[in-house]
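The structures come next, written out as structure tokens.
Common to both upcoming complexes is chain A, partnered first by chain B, then by chain C.
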Partner chain A sequence: MSGRSGRADIISTVEFNHTGELLATGDKGGRVVIFQREQESKNQVHRRGEYNVYSTFQSHEPEFDYLKSLEIEEKINKIRWLPQQNAAYFLLSTNDKTVKLWKVSERDKRPEGYNLKDEEGRLRDPATITTLRVPVLRPMDLMVEATPRRVFANAHTYHINSISVNSDYETYMSADDLRINLWNFEITNQSFNIVDIKPANMEELTEVITAAEFHPHHCNSFVYSSSKGTIRLCDMRASALCDRHSKFFEEPEDPSNRSFFSEIISSISDVKFSHSGRYIMTRDYLTVKVWDLNMENRPIETYQVHDYLRSKLCSLYENDCIFDKFECVWNGSDSVIMTGSYNNFFRMFDRNTKRDVTLEASRENSKPRAILKPRKVCVGGKRRKDEISVDSLDFSKKILHTAWHPSENIIAVAATNNLYIFQDKVN
Partner chain B sequence: MEFKLEAHRIVSISLGKIYNSRVQRGGIKLHKNLLVSLVLRSARQVYLSDPCPSLYLAGPAGSRGAAGVGGGPAGGPAPGSSPLKKPRRNSEEQPGGAAAAEEEMETGNVANLISIFGSSFSGLLRKSPGGGREEAEGEESGPEAAEPGQICCDKPVLRDINPWSTAIVAF
Partner chain C sequence: MGTMFARGLKRKSPEDGEDMEGGLAGARATPSYSLQRQSLLDMSLVKLQLCHMLVEPNLCRSVLIANTVRQIQEEMSQDGTWRVVAPQAAGRAPLDRLVSTDILCRSAREQEGEHPAPDVGDGHMADLVPGLAVVPSAQALRSPQSSLWEVDSSRENRGGFQKSLDQIFETLENKTSGSVEELFADVDSSYYDLDAVLTGVVGSTPSAHASGLQAFASAAAPPPSSSCRSDLGELDHAVEILVET
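What follows is the complex of A and B.
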């Protein structure tokens, strides 16, 4: 699957729905593209369901805030699906300022045989109508239409970085740099502010909110991560404004690793609950960490994503790569975690066997049904034949967004403006 | 000495990023600017606490910030930046130019940036040292005190910081 060249096609978010039947992508140009998995047919057993384009629509347009003289980007920051409750599909998509609820539904019949208008919709001359008939529904070519059902606007002064649907399916939250708001899906002109870390004096600002997510089962709990590398678990039953956390997760800093850039690389770019709800995973610039909700003083697991970049931080600061926000995902059983890196590499860590693998999403290496070959980065000394040296890595090819099917071993990897879908080998 | 050069370079790069963020589409990104200001603060502390005599570094500060993808030295002085002593005469002219540039920059969005990031940033742009610069930095005595020495506002040292003016004039 490829896009046209040009910056508007850069994929900015990827998300499977709750069954894995649909896969949504959002891009920098404000478009959403939804893929649907083919139904597996008995005739072609060897062809596991492939994903084809199901619907494409323009979710957000660029806007201009006249009061502040600011342009508001149309880039889709996040997409989150609602669980399916009827024939239609619902998803939330957000840019920096506005969240929208979209309904995606199929139309495969249309009414024919109107009395007052003809088949092209033109009005008939009433004098020519001599009989009365009842319109009937006739099959038509399948049409998928997306309609915006709700627009949740004007609630965020700063840039929205996260949205998360609550397990009650009635509410969701949106988080920006300093505040988190709680919404009811039915109400667009009000939201409740549940976290506010804006200091009275902005000169005292020391940290911002970087990501937030609801607990998968407990509708009163959510977590949010900060630019200081900390995570807070909040309970909405405790008070209306959850500025006081129930739990505070922070790992003491390793003083031997201190540099000018220590603060930047400890900023958390993504936080995700495990499906079980028992763990949280965080991504900072160089590592992925798994935390047990019952242990606040340090993570239970730390995985090095690309530690060879530690000595290159100054260059990465110069070219802005150090500000890249990588996401991380769990597989369906919470046994494997995955995150992206540079050079179109992405990494998977098996939590049980402690084995890890580096794979590459590129056209040259990905013919259909080819098996991905593990990659290796050479960190010094002699470079073996298949290895890539750190200095040859292409930092413009970054994998920030990945998604894992909720129950099967199917992953979606966004490499700039290309989407790769990999499936487990069929035996 | 190396630390001072490296710190100076990082300060120049950081100022450039903050300046560029003003013209970026989508408005000033609070998170990124906060991180840049933290780096700026660390680099400035290292720069000021390094006991080397103050330097007059040749060349426009911006040129060393050239960003190669993944390339460039991770540490140490940039190539070709051997420290030169500028004639005293130039340093007299510089403040005039710097003042004009600063006045230009003080209006509009940079004032917003200053109010957002407070005294630790405005101290860099204010030409005359002292005043409210150091005592307002209560936040600096936090974790960053791990860096060598809390900086005392030493007027002679600050007055000699022409590389700062150089960095500002470059933008």
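What follows is the complex of A and C.
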């Protein structure tokens, strides 16, 4: 897969729909590109479906907030699909301030034989019409249209970092740095505020919301993570404003590893429920952690993504890389988790076998049908032939966004402005 | 504790204008730790200012950096090395650059306050900050009646510094400049020398930091040119806007 170079093309979010048939990407320029998987043909049963561009549309435009004299970026922060209920597809896309519901539908027939219009659409003189006919639908070249069905605006003072569709399919939430709002899909001029951590005095602000997600099955439950490395599970049945959490997940600090950067690297950049709903996964700067919802005092699993960066934290603070927000994803069976790193590396961890692998998303390695070779970072001492040393890593090539097909071993990896789609090797 | 700055730390040369010397050594067991900590503090304060004023700055990043600064400050208070003078007023948007100015001038001011050092004088200050209107403002800054530039107990300084950090968040939250009263809410009314206050700000500003003042000024006037000339003309213009608001 290729993309043009240029800042507007930087991919900012990637998401499969619930069947895996569609894959949506959003970019810095406010565009959404949807890929569709080829139907597997009867002739080539063993040929896996490839993803081709299905629809492209401009979701958000840059705006200007005149009150604050600030630009509002059109960058798409997140895309979330709604489950399919009819022939059309629906997705939510959001920038920093506004969430939009888009309908993506196909048109492969058009009506012909109007009475009052001719074939070019020009009005006919009624005096010339002597007979009436019924218009008929004739096949046409497939056209995919995207139309904005709802615009949910003016509800966020701060920057939206997450959206999550509820399992009731009637509501969704949007979270910014300090607040979380609950919306009904049908109502755009009103939302319920369900979490508000803004202090009365902004001078006392020390913690922000970094991510939020609904429980996959319990429509009353959701979690949100914070910049202090904590996760709160909230129950909307308890009260209208969920400022009191029902569960609070935090790992005690390791005193031997304490430094001025401890808090920054503990800040959670992504939180995801497992498909089963029994676990949550969090990503902080150096690790991915899996938590059991029944155990609040520590995670049940911790995976080191790139621990060799621990001694480089000061440099990474200086060049701002320490603030990079990596996402993490589960595979369909919750047995493997994946997250990105630098140098276009991404990592997968098998929770059962405890094996892990580092792979690279790059053009050189990605001839079609080529098998990805595992990569290794050399920490110190002698560097083996295929290894790369920590100091040679390219920190401008970061994989922040990845997605995993809901049921198959197909992954989508966004490397700056390029999208890579990898599939299991066909035996 | 000493390993936190392992290999990654980039040493800053004195030409960068950051304070690597000064009267901070000796308070901590390892002088290099103290220097590194100071360097981290300076870097953090610069980061808090270098927000892109076109787009709203990332709140999470700002909060994390501010928390880091507080941690350093607390540690430095505990071992008695905290002596930063906190600028407290003169508006919201220019506040960021007041803090920067303060750091750049700290070695000189500390000499004034506590440790006389023969080789650090106004000339040195001018080296650090080209364009800074030197002698007159330095005089005013040292004025004992000044509530802006007090070199006092560490507790008061800590509160003052805290306040300046907090006001950065106020800036993020509410970018519009308010009334004149709001601008000078924290200033002791006995000290109301606008020129002296702004001289320390505008004079030290290289063009890269002009955006803060531009955003501030543009609330009351049509957008000025993007370059910021640190000369008296600009200062007068800024003063006019403040007074008329």
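The working rule: the second predicted complex is superposed on the first by the 426 of 427 C-alpha atoms of A that agree within 3 Å, B and C clash if a C-alpha of one lies under 4 Å from a C-alpha of the other, contacts with A are read in each partner's own complex, and residues count from 1 in each chain.
Rule of thumb we're sticking to: a contact is a pair of C-beta atoms (placed from the backbone, for glycine too) under 8 Å apart; a residue touches a chain by one contact, two chains touch by 3 or more.
Quick caveat: nothing in here was measured; it's all calculated off a predicted structure.
**Q** Following superposition onto chain A, is the placement of chain B relative to chain C best described as a clash or a fit?
**A** Once chain A is superposed (C-alpha atoms), there is a clash between chain B and chain C.
**Q** Output check: A:202 vs chain B and chain C. Expected answer is one of first, second, both, neither. What do you get?
**A** In the superposition, A:202 contacts both chain B and chain C.
**Q** Looking at the overlay, what does A:378 touch: chain B (first), chain C (second), both, or neither?
**A** In the superposed model, A:378 contacts neither chain B nor chain C.
**Q** Would you sort A:394 into first (chain B), second (chain C), both or neither based on which partner it touches?
**A** First partner only, chain B.
**Q** Of the partners chain B and chain C, which touch A:144 in the superposed model: first, second, both, neither?
**A** So A:144 meets neither chain B nor chain C here.
**Q** Quick check on the superposed pair: does A:10 touch chain B, chain C, both, or neither? Answer first, second, both or neither.
**A** neither
**Q** Under the stated touch criterion, which partner chain does A:255 make contact with: chain B (first), chain C (second), both, or neither?
**A** Touch status of A:255: first partner only.
**Q** Contacts for A:314 in the overlay, against chain B (first) and chain C (second): which applies, first, second, both or neither?
**A** A:314 contacts both chain B and chain C.
**Q** By the touch definition at the top of the document, which applies to A:219: first (chain B), second (chain C), both, or neither?
**A** neither
**Q** Considering only the touch criterion stated at the top, classify A:67 as touching first (chain B), second (chain C), both, or neither.
**A** In the superposition, A:67 touches chain C alone.
**Q** What residues on chain A does chain C touch that chain B touches too?
**A** On chain A, the residues that contact chain B in one structure and chain C in the other are 68, 70-73, 96, 158-159, 177-178, 202-208, 210, 227, 258, 260-261, 263-264, 267, 311-318, 320, 323.
**Q** Along chain A, where are the residues that touch chain C in the complex?
**A** These residues of chain A touch chain C: 67-73, 96, 157-159, 177-178, 201-208, 210, 227, 258-261, 263-264, 267, 311-318, 320, 323.
**Q** Which stretch or stretches of chain C touch chain A in the complex?
**A** 1, 3-10, 37, 40, 43, 47, 53-56, 58-61, 63-64, 66-68, 71-72, 162-163, 165-167, 169-170, 173, 175-176, 215, 218-219
**Q** Spell out the residues on chain B that touch chain A in their complex, using ranges where they run on.
**A** For this pair, the touching residues of chain B are 6-7, 10, 13, 17, 25-27, 29-32, 34-35, 38-39, 42-43, 46, 65-75, 115-119, 139, 146.
**Q** Mind pulling up the chain A residues that touch chain B in the complex?
**A** Chain A residues touching chain B: 65, 68, 70-73, 75, 96, 158-159, 161, 177-178, 202-208, 210, 227, 255, 258, 260-261, 263-264, 267, 311-321, 323, 342, 390-391, 393-396.
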